[in-house]
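Each of the two complexes below includes chain A, the first together with chain B, the second together with chain C.
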Partner chain A sequence: MITLNWWALAPALIPAAGLILVLVLDALLPGRRRLPLAVGVLALLGAAASAVPGAIGSADTPARTLCLPASSGTGATGGECFWQAGPLSSTLQLSLLLATLAALLMMRDTRGPAAPEATSRGSETAIDVTLLLGSAAGGVAVAAAHDLGTWLVALELATLPVIALVARRGTRRAGHGSLSLLVTSLLSFALLVVGVALWLVATGDPTWSGAAVATAWADPARRAVLLVAVLALLAGIGFKLSAVPFHAWTPPAFAGAPLPVTALLAAASKIAAVAALVAMLTPFVGLAASGTHPHVLAFALGTLAVASMLVGTVVALRAGDIVRLLAWSTIAQGGWVLLPLIGLSTAGLRACAGYVMTYAAASLLAFAALSAVRRTASGEPGAVRELAAYRGLARSDPHVGGPLLLAMVTFAGLPPGILGLATKVVALASVIGAGLWPLAVVAVIAVVLGIAAYLRVVAVLLADPEPARAGRVVLAGGGTLWVLAAGTALLVVAGFVPQVLYGLT
Partner chain B sequence: MLLLAVPLLTGTGLIVVGRRFSRYAAAWVALTAAALTAGAAGVVAWQRPTVDAAWLPEVGVRLRLGVDGISIPLVLLTAVIGVLVTALATGYVPGGGSPGTYAGCLLLVEGGALATFVAGDALLFFVAFELVLVPMWVLITRFGDPHDARARADAGQRFVLYTGAGSTLMLAGILLLVTWAGTSDLSALVAAGAGLPVGRQLTVALLLTVGLAVKVPVWPLHTWLPSAHTAAPTGGSVLLAAILLKMGTYGLIRLPFSVVPEGFVRISPWLAIAGGLGILWGSLVCLVERDLKRLIAYSSVAHMGFVIIAMASNTEAGLQAALIGNLAHGVISALLFVVVGGLKERWGSVDLDRSWPALREVAPHRGFALILGLAAALGLPGLAGFWGEFLAVLAAWHPADPMRIVVFRTVAVLAAVGGVLAAGYCLRVARLLWAGDAPTETSAAADAKGGARLDAAAGAGLDSETAAPLDSEAGEGLDSETVAPLDVETRGAERFVAGVLALLIITLGVAPWLVLDITHPAVLALLGGLP
Partner chain C sequence: MNPQVLIFTMVFAAIAGLLLKRWHAAARAVAVGTSGFTAIAAADAMARATDQQTLGWLVPGLDLGPVSLPLDLGTSRATAAVAFAVALVAAAVQVYSTWYLRDDDRYPTFAATVSLFTAAMLLLVHSHDLVLTLIGWEVMGWCSYLLIGHWSRKPSARRAAYKAFLVTRVADIGFVLGTVGLIAGAGTSSLEGVIAAWGGAPTCDPLGQCTGPDSVLRAILLTLLVVGVLGKSAQVPFQDWLPDAMEGPTPASALIHAATMVAAGTVVLAALFPVFAQAESARWVLGVSTAITMLLAALLALGQSDLKRLLAWSTVSQVAIMLSALASAPAADGPDAGLFHLWSHALFKSLLFLSLGLLGVVAGGTAASLLRGVGTRSRLGRWTFLIGLLSLAGVPFLVGGLSKEHVLAEVYAGAMNRGPGLFVLCSLLATVVVTAAYSTRAFLVIAQTANDEEPAADAASTDAQPNRTDAVRRQGRGPASAVLVTLALLTLIGGLVLVLDLFTLHEASWIWLAVTVVLISVGCGLAFALGRSGDPGVRCAGRHGHRFDTGFGADTAYRALARAVVALARGVAFLDTEVIDGFVRGSAVAARVSGGRLDRAHRAERPRNGAWLVVAGLLALLALGVFAWR
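For the complex of A and B:
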């Protein structure tokens, strides 16, 4: 008999329930715009609140549920739980839910009366909210899934709704972006399925179990299979994390999607990918701690990290379209997210989680700011793409340009973006702590290139606003303002007390 | 600690809400904040309080603040310079952004520098070190030399990238050190670092020294400094020379010198050679450099060379020399930049190949400040510059490591030659600007005309009011050779600032023990850790 603890499942169940409620309400009361939005906001807030106890809980007693009885005696799976949410998972869930909420708030503004798009009908909103909630439920489930099947399905559940969201705008660019995203996702899914299958062959265990991995690793024949499995999984997740060389979909998808969806892709999807990666790597952390370091895995992670950091930053240095610039910056930041994992230590996992959360907050801030800048008062949000059009934004409209500036310095890891600096320090510390300081030297180059790339934007934001002022209108809706205010407060406060960020994980 | 909170919070506040402030309001708010900070610095220097709180437990960092004999003089210097630059802002704010942003950036740089000097934790030191980058970059690129936007952007970018690269290298060194030593507390590191094997010490020392050498700057890594100084506004130049460079030398003493002494001893001959070459290189460039701000920047490279060789000698006298030389350079270069920056703001350029009116006649106060600064820079006894240079050469002559005596004595000779060259370039500047000897014949006619009028004006004891029509008349001349306005005398805040700095130079020169007594116990404690 499987045990069931509803409370532990609540972070995933509440968005799922909200999703159904939205669909039912839309069927009963069609054409209402506010209702699905309200349900979506409440569902995400409720789910986030239910993830808080897990996030501040102790690492020794994770919330476990869906457990097989220990005495069932089916070999290694006896007593295994299919749902395990320690503080690290719960914090990732929490940040993922909040990131989705931010995207929803931004979506409210772009679909709202501020943008007189013909498509802003009620059921359209309901569809958007449904897709968002579905993706959130998937992402939350990935973070806690302890068995391969749930993990795989949840990861796809987190991804597929986003493809639909990208495609829904119906423009040519959106079609292009969603197509590249779809192809990538299929490829990634195929790789993941192969990886999961090989993992099952190698370990004979359908869960992310440390003990099973250790036994498989000890046997040379099974070790080879396990390695292939891990590399396939890594490649599959590499697509989701847009790590070089699996990054090609990112710029077209970012540029093609409406900005709230881009923000979702940049923030929530990345958190989900990191959650998936953490689940996969946790058994290997135990392995590395017991003295057998899986060098091939570390090498693969290192290659991805270094290539992403360098390629992403160098291209960002030259990009003229600000959304593409942020897309390449996302690729570079993906490398930074991978960097602390190379050491395969618990500290590395936490450093990675801390980095991805900081990155996600800064990304949301940046995209929220971009979505407030329009060509004309009635123009399409986020249509102003060329960097030059943002000249002097921080001076003419500090409530929008200031957060954008803060996001840039956080990405660059320069004070006043102290949180960006602190997370970079922690990431580097875990690399150097693992004795891999040549990698740290590469990271130094990446930091310097990154400073050049991001300060280029900062310089534009601080320039004399007059020449570009006529070409833009800054119009931030209520939801976007909330995102801007909350994100800025988060980055500033957490910058002074970064232990909050790491205390949670 | 109030010391840090006041400048950082006020600075941020000014940037965020200060756009509506008028120039006076912004500058006076900043001046009040700086004065409060200076008061707090005095209290801190006297009482030596400490702060200890958890900050980033993930890597074992604590918010540990405190001062000792090495940091107190620098904290006081920073506080005084902070008051002076904000006082300058009450008189003149460069265009390019709101005055609130300008004053706010000044305060942020000051706060970051103070945080660097009081940080008691290696990683906190790094964070504070990074804190000054962006405000300084804003000062250079936004408020710098209004004539050439491209040069400004280039200078700012060069500054940020060089120092960013340096500090990230330093971060790698710090993290390596912290991992091996198991603590990031600077006082605990002194014991833990010295216990490391020599190879590890050498690696850490190399990373830290190269990283910090960019900031100092040590000879081959100095190329960001002249352009940054040329482009920066006066207040920025003063901060850069008087405070930011000190963060580099302070870091060198605090980290590689005291924490990994054996590693530092092994690289110190190379450091000394780089320092010696820096002295020669800087002095030689100064002999031919046309732009006066660039010239002073190169003379900074030379002066920091003295500090570096003093430090590299690993002796008590050397360390004392490094500390007082550091302080003296801070005051002297601040004075020179105030004088020259003021000239550049009025004349639009300080090209030494053009003929300028003699300062001793048109602006006796400014002229006196210039001469005093130059005299101190060439190391005249009785002024601040003397002790640092004299002790540095002495220390290099008797290094702690007798094996390398040849290297150090050669460097000492190089340094002495550099000192002679310094006399050469200082007198060159004095001749051209203070005495007003026209270097070229191209503007002889204009000169003769202007000079005659000038003599008449000066002879009659007339002031700028009568000189003003002369300007407009002469200004109708050639475009490239417009005759400079004659009213370049220091006024109000500027005169006050120059006066305070001149007083400090003389005080330090006559009574160096004021500083040496404070630093001496700390120096002995540091050297106690040496083999």
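For the complex of A and C:
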């Protein structure tokens, strides 16, 4: 008989329950717009609250549930739990839920007139909230899933609703973006399935078990299978992280989706991908600590990281459309997220999680700021895409331009974006700690290029606002303002005490 | 009286003077009051000076791990005497300036700068910490720039200020490096600590393991320090800034020359004498430079067409005499002969400058041709100037004569030892003759009545104070006259300071006294012989007068050096902008181009391409796995 601890499962169950509630309410009381939003906000807040105890708990006693009885197993798997949420996982869950909440708040403000008129707007909102909650539940489950099956399903649950959200605007660009996303996603799902299957073949264990990996790695024949499995899994997750060369979907999807969905893609999906990666790499951390360093895996991670950092930054340097610029910046930051993992150490995992959370906060801030800018007072929110139109925004509208500026300097890792600097330093520290100097040198080159790319935007934001003022109207709704205020406060406060971020993880 | 009181009174005076910039009368009261108080306090301190070096706290010390900065002050008999000389000259200058700069619209700034200057010098004199020494040293450099350039509307004054600043800054490189090296080696900036760490000879055990200071490093550090001293004291090769500094107001010149800036090097080296005496090569550098300087400057003084510049060169020469005592005195004798000469030089040189200022105002300039016969128009100026000149020439029993005797005795003692003593002694004896000659010449210029030998038109005066009527000149002259009389009296009887036993000196020998009397007579006789009909300086210099005025082309040499440095800097800048920046710009271009290429490659954004990329990526990863297999 399997044990069941409802509290441990709450971060995933509450969004799922909220999802069902929204569907039921929409069926019973159709056309209400506020109701689904309220349910969604409450569900996400509740789930986030339930993840807090795990996040501040001790690493030695992770919340476990869905455990097999110790006697019924076949020795190695005896007493194995399929749901394990340590502080690292819980922190990732917490930040994922908050990121989804931010996207929901932005969505509340930016349902523009471009939505199809065929269905009532209330149901539109209900569908959006349903999809969001589904994706959040999937992301949360990925972070805690300890068995291959749950992990695989939860990862797809986190991805597929987002594809629907991208497509739902119904424009040509949205269709184009979602098609790119869908095709790549299907391919990578295939890779993940193959990877999982091979993993099972190699280790004979359906969980992310360190002991089983160690045994398989010791046997040369099984090691080869395990290695192929890991590389296939890495390729599958690389799609979600938009690491080069699995990145091709990112610019069209970012540009085609409404900005709240783009923010979701940039923030929550990234966190889910990191959660999946952390689950997969944890057994190898144990392996590396025991003296047999899996060099091939580190080499593959390093290649992806370097390619992403360089390609993403270099193209961002040339982008003229600010959303595309942010898309390419996402690709570059994906490389930075992978970078600290190369050492395959616990500190590296923490550095990776800290980096992705900082990046998520900054990109939410950036997209929230973009969604407050319109062409005309009644125009579609976030429709202003060309960089030149943002000239002087930080001076004419500091409540919107300021956060955008802060996000850019955080991406670049320059003060006053101290948190961006601190996370970059920590990421580099784990690379240097592993003695991989060439990678550190490439990363420094990427930092320099990145400064050039982001300072381009900063310079535009700080220029004289007069010439561009006629082309834009800045209208931030209540939800967006909340996101802007909370995100700025988070980045500034955590910038002064960056150790909080690493104390939490 | 604590040295802190002296220093902080002058700092307060500087700040108050700047705050009272608008109210000349109040600024005057503050400047005279504080400097007078400081002079009296310093006199009190001198009268009660004890042999023991008391350590006072200026501010809480700092402990910076490997180096501790105690920031101590201290006094001894000799420093109390020097501090009194500084405070006295400062007070004299302040009182005198109330008359001399009565019409100057920037008088309060001038008075405040003089106060700050005095504070810096008092800090330097009392410093028992090399960091405080460095602070006093730098503040003085800055203040001298301000004072020399006081009449900043004159281009020549601006140039002189720049020149003084640049030349002393260049030499200060050595001073700062030397100081920092000494502090780093000792692990503390306190004077006692530095002397304990660097003084004494290394002791070696039979196996060749040596403990104690590294004598090579010590020689290098002290030579660097000496370079800084040479710059501040205007010794060869840095000598040329001081005569140009005559562009400043005469009271400022009196202050800079008599007791502060140029004498600072003597004070610093005297404080570090136990270490300095061990560093043979640094002593050689100082000895050779001062030996050359004292004779060269005395010769240049003889041929100057402007009496103020004559006094400037005489300062260079006299400071060289002070420093030569330090360069050649035996280690056991201590530096007090040099300090005593500093003390007496402070008195008679301030007297000379201030009385020349008076004569200059009467004559309308300080060019020798303008001053001709001015002594008949101002008896006070004539007599005070004469007393100053007698002391400068080293007439026995005047204060200047006494101190020069002691320097001579000390240099002779040094000449009997190793070191540069013999070389210095020869130069010193020659200098005594030339000094007597140019002193006589200066007196003859003001005493002889004008004849029409030289037209006054070509006289270029450095210190012209135009449009001053006699009435204005006489207004408020009382205090200035009192200052002159006081300084003249002190110059006459200042030798009595030896009764207080402030300086540790040997008996002056009667033989040397006789020798100097003979030498001085020779110098005077020469000057009289040349000056029977007109200015002996003009006779001596002949048609090379302008060479004397330009210091034998030192300024041209400086400019050539500056041009060479600028050319080198241009070369380095060219390397930087064209060669090194080329790589930087190239990398920027490479980034832009590759960004553009990649951007174009992604422009189609077909889902199919993305799918192919995924497949390619997977294959690449697998290939990596195969090739990197171990």
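Heads up, the rule we're going with is that the second predicted complex is superposed on the first by the 494 of 505 C-alpha atoms of A that agree within 3 Å, B and C clash if a C-alpha of one lies under 4 Å from a C-alpha of the other, contacts with A are read in each partner's own complex, and residues count from 1 in each chain.
Keep in mind that, in the parts below, contacts are C-beta pairs under 8 Å (C-beta built on N, C-alpha and C of every residue); 3 or more make two chains touch, one makes a residue touch a chain.
Quantities reported herein were computed from a predicted structural model and do not represent experimental measurements.
Participant: Superposed on chain A, are chain B and chain C clashing or fitting side by side?
Facilitator: The answer is clash.
Participant: Name the contact category of A:A452: first (chain B only), second (chain C only), both, or neither.
Facilitator: both
Participant: May I ask you to decide whether A:W437 touches chain B, chain C, both, or neither, giving the answer as first, second, both or neither?
Facilitator: In the superposed model, A:W437 contacts chain B only, not chain C.
Participant: Under the stated touch criterion, which partner chain does A:V166 make contact with: chain B (first), chain C (second), both, or neither?
Facilitator: neither
Participant: Where does A:R395 make contact in the superposed view: on chain B (first), on chain C (second), on both, or on neither?
Facilitator: Only chain B is touched by A:R395; chain C is not.
Participant: Between chain B and chain C, whom does A:S180 touch in the aligned arrangement: first, second, both, or neither?
Facilitator: Second partner only.
Participant: Between chain B and chain C, whom does A:L234 touch in the aligned arrangement: first, second, both, or neither?
Facilitator: The second partner, chain C, only.
Participant: Could you tell me which stretches of chain A are touched by chain B in one complex and by chain C in the other?
Facilitator: In chain A, residues 452 are touched by chain B and also by chain C.
Participant: Quick check on the complex: what are the chain B residues that touch chain A?
Facilitator: Against chain A, chain B makes touches at 12, 16, 19, 54-59, 96-98, 112, 123, 126-127, 130-131, 133-134, 137-138, 141-142, 153, 156-157, 160-161, 164-165, 168-169, 171-172, 175-176, 178-179.
Participant: If we count contacts the way the header does, which residues on chain A are in touch with chain B in the complex?
Facilitator: It comes out as residues 347, 350-351, 354, 395, 398, 402, 409, 414-416, 418, 421-422, 425-426, 428-429, 432-433, 437, 440-441, 443-444, 447-448, 451-452, 455, 458-459, 462, 464, 497-499, 502-503.
Participant: What residues on chain C touch chain A, complex-wise?
Facilitator: Residues 588, 591-592, 594-596, 598-599, 602, 605-611, 613-618, 620-622, 624-625, 628-630 of chain C touch chain A in their complex.
Participant: Using the touch definition from the top, list the residues of chain A that touch chain C in their complex.
Facilitator: Per the stated touch rule, the residues are 176, 179-180, 182-184, 187-188, 191, 224, 227-228, 231-232, 234-235, 238-239, 244-249, 251-252, 295-296, 299-300, 303-304, 311, 314-319, 449, 452.
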